[in-house]
Amino acid sequence: MLTKQEAADAVRQAKVKTGVTWAQLAEAVGKPLAWTTAALLGQHPMGKDEAATAAALLELGDDAALAFQLQPTRGALDAAVPVDPTIYRLYEVVQVYGPTIKELIHEQCGDGIMSAINFRLDVRRVPDPAGDRVVITLDGKYLPYQW
Amino acid sequence: MLTKQEAADAVRQAKVKTGVTWAQLAEAVGKPLAWTTAALLGQHPMGKDEAATAAALLELGDDAALAFQLQPTRGALDAAVPVDPTIYRLYEVVQVYGPTIKELIHEQCGDGIMSAINFRLDVRRVPDPAGDRVVITLDGKYLPYQW
Amino acid sequence: MLTKQEAADAVRQAKVKTGVTWAQLAEAVGKPLAWTTAALLGQHPMGKDEAATAAALLELGDDAALAFQLQPTRGALDAAVPVDPTIYRLYEVVQVYGPTIKELIHEQCGDGIMSAINFRLDVRRVPDPAGDRVVITLDGKYLPYQW
Amino acid sequence: MLTKQEAADAVRQAKVKTGVTWAQLAEAVGKPLAWTTAALLGQHPMGKDEAATAAALLELGDDAALAFQLQPTRGALDAAVPVDPTIYRLYEVVQVYGPTIKELIHEQCGDGIMSAINFRLDVRRVPDPAGDRVVITLDGKYLPYQW
Amino acid sequence: MLTKQEAADAVRQAKVKTGVTWAQLAEAVGKPLAWTTAALLGQHPMGKDEAATAAALLELGDDAALAFQLQPTRGALDAAVPVDPTIYRLYEVVQVYGPTIKELIHEQCGDGIMSAINFRLDVRRVPDPAGDRVVITLDGKYLPYQW
Amino acid sequence: MLTKQEAADAVRQAKVKTGVTWAQLAEAVGKPLAWTTAALLGQHPMGKDEAATAAALLELGDDAALAFQLQPTRGALDAAVPVDPTIYRLYEVVQVYGPTIKELIHEQCGDGIMSAINFRLDVRRVPDPAGDRVVITLDGKYLPYQW
Amino acid sequence: MLTKQEAADAVRQAKVKTGVTWAQLAEAVGKPLAWTTAALLGQHPMGKDEAATAAALLELGDDAALAFQLQPTRGALDAAVPVDPTIYRLYEVVQVYGPTIKELIHEQCGDGIMSAINFRLDVRRVPDPAGDRVVITLDGKYLPYQW
Amino acid sequence: MLTKQEAADAVRQAKVKTGVTWAQLAEAVGKPLAWTTAALLGQHPMGKDEAATAAALLELGDDAALAFQLQPTRGALDAAVPVDPTIYRLYEVVQVYGPTIKELIHEQCGDGIMSAINFRLDVRRVPDPAGDRVVITLDGKYLPYQW
Amino acid sequence: MLTKQEAADAVRQAKVKTGVTWAQLAEAVGKPLAWTTAALLGQHPMGKDEAATAAALLELGDDAALAFQLQPTRGALDAAVPVDPTIYRLYEVVQVYGPTIKELIHEQCGDGIMSAINFRLDVRRVPDPAGDRVVITLDGKYLPYQW
Amino acid sequence: MLTKQEAADAVRQAKVKTGVTWAQLAEAVGKPLAWTTAALLGQHPMGKDEAATAAALLELGDDAALAFQLQPTRGALDAAVPVDPTIYRLYEVVQVYGPTIKELIHEQCGDGIMSAINFRLDVRRVPDPAGDRVVITLDGKYLPYQW
């Protein structure tokens, strides 16, 4: 049996071998693009049919399909601070703008947080004459501190 | 003379005393809301007039206005991993979805990053019958690896 | 003006000087015991009247009352792992039983978390012939992963 | 021979394969739910019969039954600060409310601790019209500092 | 008012000025030597009379006597791993012999711990023709894991 | 060939299989109990005959006997701060009482340390009507700073 | 299939076996020296033909050629601070001269950074009568902070 | 008397007040630009005349001039990994390209290092139609391992 | 009263003011050069006369002379890994050659250590036509592991 | 093919099997004792003949001989701070005497370092009636800061 992390590695390798894209996987599975990617990278449990569909498209076996269904222990970085430049830029945003976001949430909503559980994520390339842009949308339910 | 961090603390205190909001400060300064907040929290240098306007509105002195113009040493967290729950949720998003965002940037754009320099940020409360949502938009120029 | 942390230190000192208890403070403020304690230790913002009541009872000044109303940057430990034995035992519970709690939440509720925001806490001494017990109740809303 | 950690992984996999629940395992073993879960995750040594019962129900072999009986080296997190969101919320409670709990133990009991050894744990889903709640009870003997 | 740590520093300085020894302080206070030393270094709260006696002997003021009575936040090392050689040797013993002590506690007593709360400590110089020895006795109640 | 750590793991497993105790191993080897335990856990090199005796009693092979004779790289904890509760209590003693022990060594002996090399360790269960106690004796040569 | 890191190790070994140099590899691949070295050490994805050329020259198989084409998770140090002396000297330069470089970028260009993405690197040995020198050129596009 | 760090802070403030540039300071002192900047930021000791010249130009007092002459304890980052984006990019270069630079030094020079002591640094803005570039030159003596 | 660390800082400043050297201080005090330097930097307690002599030569007051006599809490680095290049080279020697030194001590002396307590240190400049050398001698008593 | 670390482990094992000493290996190889030990522990690359001689004496195969010739990534400790007592004492010397050594290098030589590259090491047992001593000599070229 594969662990969820081993299954995630198998997915990355299978994508290179088969040429299947995340977008094709998401369409086949019938779920949003970012959710499907996160699930196949081991961060969400898939339903049985979703898992079977994804495994078939990636030409992976039953052990991968089973691993896709396991409850994950979430957390995908090897270290507290990521070193891959593409991921580090997100951490840099938290370092530079984290208190700004906190202030604006408190000013607009009160004392509370943006949920990272009741949450959805979108990543899009947006054409721009001065150079295309990557637009990442973090969309979570506002949760006020309630006693 | 105040350091940028001491000036940021003075801003937080002055907001409580005067009741001025980030939105009012941004409007007075004539810059986007998140930029103005970040600048007054010490993460961006302000122009001379912007600094004077903000200091006046907050009833702060010349030393604060001067500090607002200083070149910052950026980075606003006390530790590598934030412990304030409102800010931690952003770090959690990086931990759980960082590799997902990386995969989608590479699939949609190629080998590169979302810039955190040529970058803008927006934080909005979005009404929702199932509970209002916080929507954070990270919008950065795509930078391909180029030799 | 006092920071929230300085105000918390002043509270601890004033309690020794005046002999006022957390229970008396909670009753005067009209809020639950643990909430009042946490608020005066700098982890929750108080309302204006609550702050004035608490400051008066503790014979503290207006600057303390003002600090009690400030929005906190939460997180009360000096280090990632606490060293005070009374607090460390809570960390030990997380180390030893954290995955157990995770498994039982998932079995009883599905894929989600116990909220630490929509959350209340209770600490009680429970008489027991074999030695009295401390019973700590963590009571948070179940939040399922929702996309 | 399996280590306790490898046996815990085998338990998680066997639960998925066989569909056996923690509640069924606890009933078969005749021990409390949280204790049984913790023991099978490698945090408590089981008695010989308990181990055999659990292994049989999970369709695991003698090496797993033997591992269940080994004296554990306790501690179940991979890092000092957990990153899985379900477990992190417990750590967040320690960060935000740890000093509050310490103050209340001292006010109600004197200078001492809640034992994490003479200790029992309960996790329950509690129906609530505003959304069901997870209630975690930490129940440990009060131990005063005694010289 | 002095913090417990500032009072501990004042004690160290007053000992040099007055020439009073820990043994004399313990005798005057009427408590064991190691307890008295630990209390004056800020790790135990003293009773009112004990505090007054110690402060008088050390020619310290009322603020020190008050600080001696405060409830401590325990933990006396500046870093997780001590660097002072005299203290480091104790950490080295834990590094080299920790698992040995654990095995012997389990073999002699069962699954449990030596309490560090119901605990007493002794430090003695023992004459020895091959060079005098330091003998440190850690004496804590055995606490079995009990559910 | 086994590493010293693998041999230590094999010893733990063989003890469970054969039911041999640390006390029996120490008696057979003819060395003190704690030394024998530490040596078989990989912290001391054994002599050839001692190694052969221990391996035979534990029904382990020549590779284990050879590993017992290797010069160790000492240090038995996986992390700087131990998380197993039985071992953590020793670390807690260093955190809470380390400076106390340092002060008492300096008062009784002068500027120096308790050696952890010219050192012996004892762990005993001591009956006590109020609950049996674990008494750990650290007995090391006093070494004064000498230039 | 090989991971990128395993492929990098295979490259280092194959270079010793075959005697092929980085310079020869770069010439065969038709890319700059430093880029080719970084790519074969797992920090850049290669094109299909480049990968095949490099694998053939190093007498490595198809799995290595495939690994050379994979999208990397960048970051090549085992720890946050490198310990190899040749690499550490670069970290020392950042420690000692980092703020100097920051000040000079800001003085000459304004508020912004040197890109490490739109970036090229050169390493050359420069003859010098007082002892040859290593000259490393970091050449990145200036990116101003733009909102 | 000012510490070197306090003097560096005074320099940064004085530059804003007086409008003097690093280039003007370097010219007045008669030393290279990067050396002068590093020295005034506390990383190199200045000669007496250099210190006096710089202090006069910055309208700072004798205590600053004295501090400029002190032997530094080098190292200018607050943490092991820098968080300011302008400085982090240099760390990122070490993370991504460190092993590449090591390989090329070894291929071109043999087993040794680029000295960071017998070393000079240059930072220049280089016009480029595709966007100006920052070019940083690290130029250190090659030091072979010699026994 | 000054702490030992504040006294060490005062010594460094006084040396610059008075021009007194470590060699002159050692001669006046009548102790070895390295011991005197370490003592005045806060790592050894001085005798009363030694302290008075040193304070007088450095034109420091009675509080410095008193601080020189205090029992130190040893350990002089700000972080676990030093960043000052002159001190880092010593750490690099431990990183690169530590196991070598361990092997040679064990081969020449048996299972034991070089004492850092019964220890003396010497630092000398040794003329050499190929460039003068720094020779550091670590000279400690061999201590065998003895039970 | 063996990595350098695996080859170092094989050397340690082969020394026990064959009884060959580091001194015999150094003599056979024709290099200094400490250099030979460090090289076989993976910290220096050996020449082809040296590697063959050492492998033959240790009865190791061609893969070990090849590994001895590889360029090392230096650094031999598993953690930033060593825990093995024999190696820790060297780290303790850096902690306690590092700034002393730095001061004496600067007083005797000026602003610079002792090279750890143009460097040689010696470890000797020196007979002494009060107990034999271990004398470790660190002998490196003085390198002045030069721009």
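Going in written order, the chains are labelled A, B, C, D, E, F, G, H, I and J, and every chain counts its residues from 1.
In this text, a contact is a pair of C-beta atoms (placed from the backbone, for glycine too) under 8 Å apart; a residue touches a chain by one contact, two chains touch by 3 or more.
Note that this is a predicted model, so its numbers are computed, not measured.
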Each chain counted as touching chain D and chain I at once: E, F
Copy-to-copy rotation for chain B and chain E - C-alpha atoms, rounded to a multiple of 5°: 145
Winner on C-beta contact pairs when E-F is weighed against D-E: E-F
Remotest chain, chain C as reference, centres from CA atoms: J
For chain B paired with chain H, centre-to-centre distance based on mean C-alpha positions, whole Å: 29
Distance from chain G to chain D - Cα centre to Cα centre, in angstrom: 47
For chain I, residues contacting two or more additional chains: 73-75, 77, 80-86, 92, 95-96, 102, 106, 112-113, 115-119
Pairs of chains, among all present, that meet the touch criterion: A-B, A-C, A-D, A-G, A-H, B-C, B-D, B-G, B-H, C-D, C-E, C-F, D-E, D-F, E-F, E-I, E-J, F-I, F-J, G-H, G-I, G-J, H-I, H-J, I-J
Chain I partner contacts - residues on chain G that touch it in the complex: 81, 83, 85, 88, 92, 95-96
Touching residues on chain B, where the partner in the complex is chain C: 9, 12-13, 16, 79, 81-86
Complex interface listing, chain I residues touching chain J: 21-23, 33-34, 37-38, 41, 43, 74-77, 80-82, 84-87, 89-109, 112-116, 118-119, 121, 123-126, 128, 130-142
For the chain J and chain H complex, residues of the former touching the latter: 31-32, 35, 44-45, 71, 73, 102, 106, 111-113, 115, 117-120, 143-147
Chain F residues touching chain J - in the complex, by the definition given at the top: 1, 3, 66, 69-70, 72-75, 77, 80, 116-117
